[in-house]
Each structure stands twice: as C-alpha cells, then as structure tokens.
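The two complexes that follow have chain A in common; it is paired with chain B in the first and with chain C in the second.
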Partner chain A sequence: MVTATKVFTYPETIKADFLKTGGLKFGDGTEVSAEEIWRFMTEEGPRRFPHAFDASANSIGKLSDDVTFFSGIKRAYLTLTMKDRLYKAHDNGVPIVMIQGGQTLDPYYAAGGIPLRPGYIMQWARDVEEGLNLREIDNRGLEILESGRRKVSIEACNQLAAHAAVANNIVPVDLIAPYLCLRCSDMSFLVETHRHKEDQRPKYLVDFPINQTGKPWTVDYLAEQLRGLVKEVAKLSKKEVTDEVLRAEIKRQNKARKLAQEIIELWWSAEQPPLNSTDFFSIPFLANDFVGDPQATIQVLEETKKEVEYRVQNKIKGTGVVDNAKRVFVCGSCVGPNSTSVERAGAVLVGRDDNFSCNSVLVKEEGDPYRNLAEAILAFPYEQPTEQRAEWVAEMVKKSRADGVLFMYNWGCNYQTAVGRLISDIVKDKTGKPSTFVEVGELGRSEATEQSENRVEAFIEMI
Partner chain B sequence: MSDTEVKISGNVVAGVDVGSLAAKSVVIVDGKVAGYGLIPSGFNSEETGKSVLQHALNSAGIPREAVKYIVATGYGRISADYANKTVTEISCHARGANFLYPSVRTIIDIGGQDCKAIRLDSSGNVVDFAMNDKCAAGTGRFLEVMSNVFKVKLEDLGDLALSADSLVPMSSTCTVFVESETISLIARGEKPANIQAGIHHAIANRISGLFSRVGIESDVFFSGGVAKNKGMRKSIQEVLKVNIVEPTFDPQLTGALGAAAIAWKNAVREGVCQEQQPALQK
Partner chain C sequence: MSRTATSVTKVTVLEKIRQAVIDRPAQIAAAKKQGQKVVGWLNYFVPEELLLALDVIPVRVGVGGDEQLVDIGGRYISTKNCVFVRAAVGLLGEKKDPYTPLLDLLAVDASCLQVFRLAEVVKYYFKYETLILGVPRSFTAPEGQAYFRHELQDFTAALEKFSGRKLEQAKLKAAIELLAKIRESLQYLYQYQSQDYANLNWRDVFEIVHAGFYLDRAEYLKLLQELIAELKELPEDKSKIPGTEPRVFISGSQLSPGDVKLINIIEDLGGKIVGDDLWTGLASYLDIQIAAPTVDALADGYLARVPHAALPYLNISTDSRIKKLKELLGRFRAQAVIDHTLRYCDPYTFKAGETKDILNNEGFPFLEIHTEYASSDIEAIRTRVEAFLELVRTRNDVAGGI
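Moving on to the complex of A and B:
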C-alpha cells in the first residue's frame, strides 16, 4: 500500500541555536552564512530536491532525524549543494575526474581537479533534473542504469549507472582516472567500456600491484603511477604541481583523516551512541570524499568533533537510537543497511570496513610525497589480501564492541561476492560474534527494499 | 463451563504469518493451540492478515475482541496495524519448531519465495541462519513453475518424483534455466517422474549450499509449505544425509505458530495474559 509522502522539516525551534554556529567557507574563497544554510535547508532544498526531504523510512538516503546535531544539517547542505558547486567549478575550468571509491584523493585535489567516486556521480546525474520525488528519482536512476546495461552488459554491477551517466554526457566529466585496487573487479571492466565509442575522453588508470603487497618495488611502481596521474589531471587544470603542493594537500587531507579517526574513537568510547547510524556513517565518507570541497568539509568535521565531544561528556544519545541498542559492524562496499530500519529493529551501526580503511592510514608528510602516498595506499587494510583484511576487521569489531557483523554487497559484485563468506567466517572465528552476509540488488533505489531489510532485521533479532 | 467459555476466559493470543503465497494464523488459548487458518495470500497484505486471523478464530470459536495480543510475521508484516508486534519469520520458525519439538536444533524452511537454513538453541532462539538471495531457485515458486510445465497439481509433484526409476541430473542455479532444461528433457522423451526426481534433488542441493555455512545439528525439522511434499523430504534426507523429524502438526503453520508462541510469551510478560501450567502445550 503506497502511503502519502511524509515531508521532512527542520523545526523552527532550533533555528536560533543553529544560526549561532556560523557559516561555511569554501575552497574557492566564497562563504555561506548559517542564515543562508537554514534558508536552503528549509525552503530552496525541499523545492529543488523533494526526494531528499521524503521522510519515508524506506528512503536509504533520508535526512537524519537528529535535528539538534547541527553539523549534520551542514553536511546535508554540502551534499545537496554539491551539484551547484560542481557546475560552477567546471565552468571555471576545474576538471571533474571520475575515480574509484575508498582511495586517497590527495593527488587529484593537489593537481587542481575535483575527484568524484561513482556514488557522487550518480547523485549528480540523478539531480540534473530538479523537483523529482523519491519515486521519480529512483526511476531516473534506473533509466540511466538500464541505458548502461543496454550498452555494456546486463551482468555488470549497478556501478555501471555512474559510467553510463558519464558516457551519455549527463554530467560533464573530463577525465576517467580511478585506482584499480582490490575492492572492485568491475571498475577496470567498466573503464574499458568507455573506450567503446568515446575515445575522445581522456583516461588514466592507476594500476595496483595486486597480490604483490609487501614487496619493495611496489612502492616505486605505484609512486610512478601517481606521478602520471597528477600530470594527467594537471594537463587539464593547467596547474603547476610541485612536490610542495602535493605535500600541502597531504597535510590538509591528513587533518581530515585524523578528525575522522578521533570522532570514531570518541563515538566508540561513549556509553550511549552520541550520533545515530545515519550521522555516524557519514563521517568517514566526509573525510574521504569531501563532497567536492575539502575545505568546507574539514570545517564540518571539526564542528562534528566538538558536538560529539559535548554529547559524550553529557551522555547525550543520538536521536533514533534505542536504549541498549545492539551494535552491528558492517563490511563490504557500495551498499549498506538502511540506518532507519536498523534502528527500528533495535540496533545501531558501529562501523564499516570500507570507509574506515582509507581513514585509518595517515600519509607521511615529509619526503617524497609520491612514495609516501604509495606507501599509504598499499597499507590500506581493505585492499590487503582477504585474510589480512579479515584480521583487521576482527580488530575493528572488538574495538567497536560490536555484537554482530553484517557483510553486504551488491548483486553483480564479483569481488565482494567472492570474499564475503571468507571474511564473515574468519571474523566470526576470531571474535566469537555472529556474522552473516547479504547480497542486495537495489543499489541506488529506495523502494521495494523490504527483502534485504528482512534479512538484516532477522540478524538483529538473532544477536 | 463449556469448552468455548474456557477459551474466551481471557488468555487468547494469535500469530499471523502473511507469506508470499499463503497466509497462516494460529490461535493460542491458555497456552494451548486452539485453532488455525490457512488461506492464499491476496493482493492486500493487511486484509489478508485480518482474514486469515478470522479463519483461525472461527476454527476455535473465539470472537475477535477476545484476542489480547497478536504477533505478525512474514513479508506481509509491514502492513499489519492489527498486530501488537512484528517479528521476522526466521525467529518465528525457530520458536514454532521449538514449541513443537524442543529437541530440534536445525530447521530447513522452504516457503513460497525463499528458503532458509536456521540453527537454534534449546530455548528456540536463533543462533545462525542463511537464506537464498533474491532467486526463486530452491523455493516453492520453483515447484509451482515446474507443476505448470508438467500440468500436474502442485501437491502431486512429490509423489511423481517418488515414483522415479532414475534421477536426471539438473541445474540448481536458476528456475528459468531448469525450466528450459526440463522442456528439452520432455522433448527428448525422458520420463516425467525421472525429471521430477532430478528437480527435487536440484532444490535439495540448493538448500544444502546454505547449510555449508550454518552447519547441521540433530534434530532436523522441515518447515514451510514445501515440507508437505514427500518427494522433497526424501531428496533432502538423501542430499543432506540427515533424518528429518516426522511432522505431527502442519509444517506450513510453523511460522504462525511461532508468532503465536512469541505473542503468548509477551502477553504473559506484560501481564495481559496469565501463565498457565504447563506453560505451552501442543
């Protein structure tokens, strides 16, 4: 039964306090006041992006109900205004680069580009046309995905949608330059498909020495790949990228990585979860994706840390989290459980191996920046051979005091499908905590997700 | 005091399981099963749930207003405003099997649209489970497709498989692939019974894949609508090399029974119903 749409609104009662928190400063030198953020989130945003303000529990990307977590409102603002910033930057000659998720973004930003992982490209593509409700935007997403399937293969995973959005010029992407690493077997396959009928768009693949980690030559090899990547982006941005420029970017992004680590540790240390699953899970994303603007995002992370500290000290619990919530650690890429239905079932999400991985390694700030980046990338736990990744996950499960481990992956994901069972079994063995794995087929879709939620809910009942 | 008067004395709870193909309901009075209902799932989950509950109440001779607590389960539970609580069918099958046979530690459940391997403890709590993912292979729907191909009633498929003189090896990965294989085999002149035996084994193989993760411990119980199929029981026993507990209660009602048992426990805990001795009886 389809019920009437419930529209999410921020209560006027919080406005005065929100305005006291101040505005945001962006990388291009512009600023936005708290008053303007409030206006956008209460007037312009709901009008332009009604789907984002659909309060239905099935909407996996729905806004957080924790309206007094003000950094969360700013995060939502950054996400909803990403499209405007990207168009503006692109018009000013900033190259937009399609990348792989979960990897270091330092070289792209240092070289004057804006890197976007497939998820953000899809968000942008779906939001090109405004005023769409949840069902309409789902259909828009499906339309793009199916156009890709017609062109490539019905067997490709749903990430194909982002590639189709690029190939069909729905969004202006100037360069396709992802890392090819041990997380996604489809990325290299999908990049190859761009060679078909669209030779004109530059491509640069950062090769990853799979199964060669630990061997000394791999650092030099990857460092050389990164030099090539920076040159490729700089060719488009016309920016001169010295080692000093890259070192400065590493320093800036280390700040984000450290903030993410500190916020996660704070959250874990709390008696009661200080943020709900929606807000908590956004932190590693922010620290690694920057929603197209590292400067503003780092400011939001700094404010987040202060709010979390205050909540931990004052034993304030995130809105939506039940007392004594069961703690679920998530593994896998691209898809995750619906935070709202997890909390409705009496649990809270305490971590995720994918997004925690890239924030868990700080890049050395002195010396050859390319070698430093290569060393860090090669140390990301998510990209280690499967048993090592599982050992690291087991440690995270212990640190986060998780009650169970849920491995989720997208239908068609050849890589995570293959390792899901192995990792679940190893983690179960090492921690004594129950684990399960769930394959889903609804990446990028909000409706008819009950079957996946049913498996997650049953797992929560079990733990 | 008449039997009916005892039943409506106050301690009435119900479980409602709205599945993809069938809706089931069990009514418990004073800790004992008093009635049940089984109807095809309609298009409207809410109405189907209310209707099957009414069937169960009618079979027990109990008015609707006497019901103190309802637990809804199955895929239709998201539209169950009539229920006090919703619980997944995995937990309900475990509780239902435990209610019937406390020694059961492993459940094979084959329903209309999915199959599950469930491990449980002595209290009927789930300790591990695995489900098929978004695929009709290994489910009741798979058998429905096959009954269509053979123009045989669904309930006669098992007997047809049992009459086979040999077993045709079949794919276990995809309902549509198996349907194509079946049509080729029919065209080649293969005996329908042998094809059916192959199909039943393919489903059993599919199920056994789930157990590689959760393991098997005796006693093993087979629940869900497909558990009524004797050919399926035989194939699973052969593939998994286990004995399956002989059912004394309709296995298709296990989920609804579990929901009712949870309803009873909750109602007693919340003081809505008074615990009777013995607490729960078949």
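Moving on to the complex of A and C:
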C-alpha cells in the first residue's frame, strides 16, 4: 500500500533567528551565507534529496526535530551538500580516499586528500541519483550491497556496500587506504577484493598492531606505516607534506577532538539532556569525520558548544526527549539504534564507545608528528585488549549515568560480536547495569527494521 | 582415525603412529608430574622451535566436526564467528578432551583475528593463561618485518619467564633441525601418497600430520623416518588402477582433526584426494627457511613462508599463496580443486571467487564448498560433489584419461 509521505520542514518562525547565526567558511576558501543555507534546507535540499526530509520515524537518517538547535541545521546542511563538495574537490585534483571508520584523519587531510569512511561513501553513492524518496534510496543502497555480496560473500558485513560502490565506479574514489584491525577484521579482506577484476586504483594499508600495550616497537611500526600513507596520498595530491604541515593538521583536528570532549562533558553534566539523541550522537561523528571539510565542521562544533552551554545554563531540554528519559549507552560495532524509536520508547542515547573512543585521545602537538599520531591511535580505548576496553566502557557508563547498555553489531561482524558478551559481562559486573545484544542486518535501511526496533524498545521498557 | 582402508598392503608404522597418539595424553601427564610444562597453541605463526628449545611440550589445539562444541563455544564468543573458533572455545571451556586439561599456557598468534578474540574470551571465562604473538598485516614491508622480530623477541622473553629457562642457542639449533626434518618427512609423504601405486593415501598422510600436533616431536620424527623406510621397502600397490578416480586437490582454510564430512563425501563418491594447501595440512610445513639459530631468524623465516590468507596482499599477480597453490596442483598432478571454507571464515571465503577465476583460467575445474560442522548440509554437499566429480570424469574421458 502506498502511503502519503510525511514531509519534514523547517518553520518560517525560526528563520530570522537562524539568519543571525551567520554562514560557514570552507577549506577551499569559499563561503556560504546563512541565507543560502536556509534556502538550501527549505527549497533545494527537499527537492534534490526528498528521502532526507521524510519525517517518518523509521528513517534512521532522519533530520533532527530540534529546529531551534541551529548548529544542528548547519550540520544537516554540511551532510546534504557533501556530495557537491566531493565532486568539486575531485574535479580540482583532490584525491578521494576510502578509509575505515573510527580512525584518525590527520594524515589524509595533511597530505591533501579527503578521507571518507564507508558510511559516507555509501551516502554519496546512494545520492548520485537525486530526487529519490526513502523507499527508492533504500532500494538503491540494497542494489549496491547485493552487487557486493554477489562478488564477495553474503557473510561480509554491510560495509561491503561501500566497497561495491567503489568497485563499480559509482563514486570516484582515487585511493583505498584504511587503517586495519582497528575495530574491524573484515576491512583488510574487503580491501583485498579490489585487487581482482577492477580498475587498478592504488591501495595502501596501515596496519594497526593489536595487543599493543607496553610495546614501544608498535609505535615505530605504526609511525612508519603512517609515513607511507602520507606519501601515497601526496603522490596523488602532488602536495609537499612536511612535518610542519602534519603538525598543523594535528593541531586543527585536536581542536575538533577537544570540542567533542567538552560538548560531551557538558551534555552529561546537564540535569536534562540539552540535545536529543540524533543531535548528541552527531557530535563525535562530526569531530572525527568532518563530512569532507574540517574547517566548516569545526565551526559547526564551536557553535554547537555555545548552544549547548546556553541550554545547560537555562535548563532547556532537547526536542523529542521525554522527561526523566531512561539513559542508554551504546556499545559495539559500526551501528547504533534508531534515535527516534529510542526516544519514542522513552529513552535517550547517552554515549557510544565506538565514536567516543577516537575523540578521547589528543595527539601531542610537538615533536615527530608521525610518532605522536601513532602513540595516540594506539591509545584509543576502544582498541585496547578487550578487558581493558570494557573497564573504560564501564567508566563511561558511570559518567553518563546510563541505566542500561545496548550492545549492537552489524550482520557479519566477527570481530566485535566475538567480545560482545565479554564486554557486557564486565560492564554489568562493574556498574550493575543491565545489557542486551541486538544484531542489525538493516544498516542504513528504513524498511523491515521492526525486529531490531522491537528488541531495543523491549530493553528500554525493561530498564 | 582413518575411515577407509588404507591399502591392500598393511603399513605397520601407521598403526604405531596411531597407538602413539592414543598413548600420548598419559605421557604428557607423566611429564607434567616431572615438572615439564605444556603449551597449547593456535593459528599459524607460533614457532614450535622456541617451545621445544625451552623444554616445554607443544600441543596444537583445535578440533573440527563437533557441533556440540560449536554450540557451547557460541555461548561465550559469537554465532558470527567461524565454527572452528566456536568449537575451540567449546573445547577449551569443556576440558573433556585428553589435552586441554593438561595445558599450562595457551599461545596464540594474531594472524586470524577471530582466534585472537578466542584467546581473550577463554582467558576471561575459563581462566587460561594466554600469550599473544602479534603478526603484521604489512608483512612484506620492512617495518612489518622489524615489528615481527620485536614481537617474537617479546614472546620469547615471556616464554622464558613462563618456563623458568633461558633460551640456549644450541637447543634452538637442535629444535630448528628437528622440525626441519619433520617438515621434510611430511613433504616426502605428501609426494609419496600422490603416486599411482602408493601404499598410503592422502587421508592417511593427513592423519599423520594431525598426529604431529600432539606427539613428542623427536619421537614423531623417528616414527616418520621409520614409516618412510617401510614405504620404500614395500612393493607398490598394484591393486590400484590409475586414471579411474578423479584427482582432487583440497584448497582453502582448514580441516581440523575430526572434521571429516567433506573428506568422506569425496572418497565415498570415488574421488582421490591428492593434496591440500590447508593450514592444518601441508601449508604449515612449506617453505620455512631458518637461516640461523636466533629468534630474529625464526621471525624472518616464519614471516617469509606461504602467507596465511588472513594477511592481506594487494597485488594478485605476485601473491605467493596463489603461486604456491598452482605449484602444488602441478606437483600432485591434480585434475580439479575443491575449495573448502567454513562459514564466517572471511579471509578464505572472500577469496574463493577470485581463486576460482584464476584456476578456471588455468584449466582446473573448481568447486567451492562453504559449510560448517552441522550435518544438515551433507546431502546438499554430496549432490554438488557428485556432479563435480562427474564433470571431472567426463572431462578426463574426453581428454583420453590421465
């Protein structure tokens, strides 16, 4: 049965205040005014990307209902216009690099590239054709995923879709160069699949040496791998990358990491959540992924911090969060629950080990930048031996005053699921909080999601 | 133990090896009473040379084919992990087999990351003392090789502490020589079984390889040398008629002791298995050249061997694993390849398609069997193998036989 689509719109009543917030400046020297952002989000965006403005609750990428959180609107703008910036950059000779989620991006930007995690590759690939509604964009994503499964295996996790998008040249990726073994065991084998029956685009792997605690030689190894990575990206960008250039990029990205840490602490300190789950969870993403433009993203993070400070001081609650919402901490692999469903069930998302980890360690700004980066990456709490990681998660659960822990994982994820019970048991032991596991097979889809949503909602009812 | 009769001629040393395997747990228990320690190990890169040189008893851990162990293991690890890993967790948790109760330490290299996770899980839930050896993904890069040297030095120091002994160069040299001779002997047996009138078949040799997971390595070498001497004396088995059975090579990840589902089906349907590149089979014994009795030389030698598929390699045209596979197909005069992968074993499963393309181009029929330890797919596999062997037979007939 075809039902009428409920369309999300920004009310005209907020326009005047939004325009006062000013525009955004981008890394290539261009600017966009608040007026232009408003026009895009109310006219051009809904026309080009109708799926993003579908107001139905089952859209996991649904825009935030909190329309007076203005930096949230700018974040949405950056996300929807990412495609335009990527094409423009690529046409200007900026290499687009496929990477892993949850890793540092400093070396890529320093070397003149734009790194994209699998999620952003897929967003771009699904949006190549414009004007699609939610169902059409779902089908587009599934077609790409299934083509990957046909080539590789049904047992690969859903990030396979991004690899298929690259393999099929749906999006112009110039280099495949992720970090390996960092939260994911599939990535290395998926990169390897590009060696057969494809355009021979360059590939480079940065090995993350596991079980690294107390082993100084892991820093030597990783630092050397990072040097190789910078050379590979610079080969394509033709940029000269001195240590000073990399140090400057580290400083810039440390700013984003610090902002994310400060906003999270502010949010946690509030009596009532100042942002809803959609907006809150977007912060560590922004600080680690930059939607293709660190400069504009950092500006949005700065504005976010100011808005959150104001809301905390004035006890303003994020739109959609119920009074005395149950607090849920999310653990696991590259997936999270549907924020709208969680809030509809009376809860709010208060933290996520995956995204919080990569923002939790600042990189030293003086000295050898490669060694500094290596030391920081090797200190990511999510990437420590599992018992250590679980201790850190337990601390996060306590700090965020979570009522329960939801361990979610992607279909086909061997590496995170293997320690799902182990982490949950340790966290339960340390905090006394209940936990549950949910396997998600529908990453990025908005149909046939009832099974996992039911489980999440049942867990929320239980806590 | 072997399910099918070996041959018309009885090979007496094979029976001795079987008996030695039966007697081995009691021997190890007795050695433990005398103060010797037992190290179970998993994966591909743990050098037994080190364990032997430090006078600890190495046991290669892992069984296949037991669905009950898979269920038990899946309660602690995850149902998204491969059945070997789940079964190994079950085995280590249950401790009902003869070897796991004897282990003082579990040593695991991190080539397969699921096995690395296994070590974390059994350490927490079943209180095993564990030792992890990192393995570089960038294994051909100089920095990867330097990293592995450091890792093995660190691993050695931890083993020295565990065993209470310092590594002596003379003992390491002796261990390197002992294991080199074992590898040489096993390669001889693999070559021998592939002959037309051999008195051993592949299944016997595979069983002998698995016996080496447990037996005292010096005793094992003695038995292997005895066996080779016996085989050289025995008359050829002329009851066999060459060219009647399709010569099948088993490629892929691993068939652990007890995992005989596919082997039984191939043999029941008249296929003759002539070789493998499994890491529980021949692959572990290939191309390890250790240039000196030092830990660094061990690291270099192990890293330069035919790589485990869990280590990514980005240039297919120079991939030494594929090169070795082609060489083995020629060496064993294989006519067809059955690629065996376990459910959720990603490194091998993801490469099955490209391996098929490459070998098809070389003229080898290729069948991918993707399975687990449950018996529910036996008939489906049987049908596929039957059709495949029929195809190979027809091809042979058209080509005028072997």
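Just so we're on the same page, the second predicted complex is superposed on the first by the 456 of 463 C-alpha atoms of A that agree within 3 Å, B and C clash if a C-alpha of one lies under 4 Å from a C-alpha of the other, contacts with A are read in each partner's own complex, and residues count from 1 in each chain.
Methods note: a contact is a pair of C-beta atoms (placed from the backbone, for glycine too) under 8 Å apart; a residue touches a chain by one contact, two chains touch by 3 or more.
Since we're looking at a predicted model, the values are computed, not measured.
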Partner chain(s) touched by A:33 [first = chain B, second = chain C, both, neither]: neither
Partner chain in contact with A:242 - chain B first, chain C second, else both or neither: neither
Touched partner set for A:9, first chain B, second chain C, both or neither: neither
Partner chain in contact with A:207 - chain B first, chain C second, else both or neither: second
Dominant contact partner of chain A by residue count, chain C or chain B: C
Contacts of A:169 with chain B and chain C, given as first, second, both or neither: neither
Contacts of A:434 with chain B and chain C, given as first, second, both or neither: first
Which of chain B and chain C A:313 touches, first, second, both or neither: neither
Partner chain(s) touched by A:414 [first = chain B, second = chain C, both, neither]: second
Partner chain in contact with A:185 - chain B first, chain C second, else both or neither: second
Intersection of chain A interface sets (partners chain B, chain C): 411, 421, 425, 439
Complex contacts: residues of chain A adjacent to chain C: 151-153, 155-156, 180-181, 185-186, 188-193, 195-197, 203, 205, 207, 209-212, 215, 217-218, 220-221, 224-225, 228, 385-387, 409, 411-415, 417-422, 425-426, 439
Contact set on chain B toward chain A in their complex: 44-46, 75, 78-79, 87-91, 125-131, 133-134, 213
In the complex, chain A residues that touch chain B: 1, 411, 421, 425, 434, 436, 438-441, 450-451, 454-455, 457-459, 461-462
Contact set on chain C toward chain A in their complex: 75-82, 85, 110, 113-114, 116-118, 120-121, 123-125, 132, 134, 136-138, 141, 143-144, 146-147, 150-151, 154, 310, 312-316, 343-344, 346-347, 349-354, 357
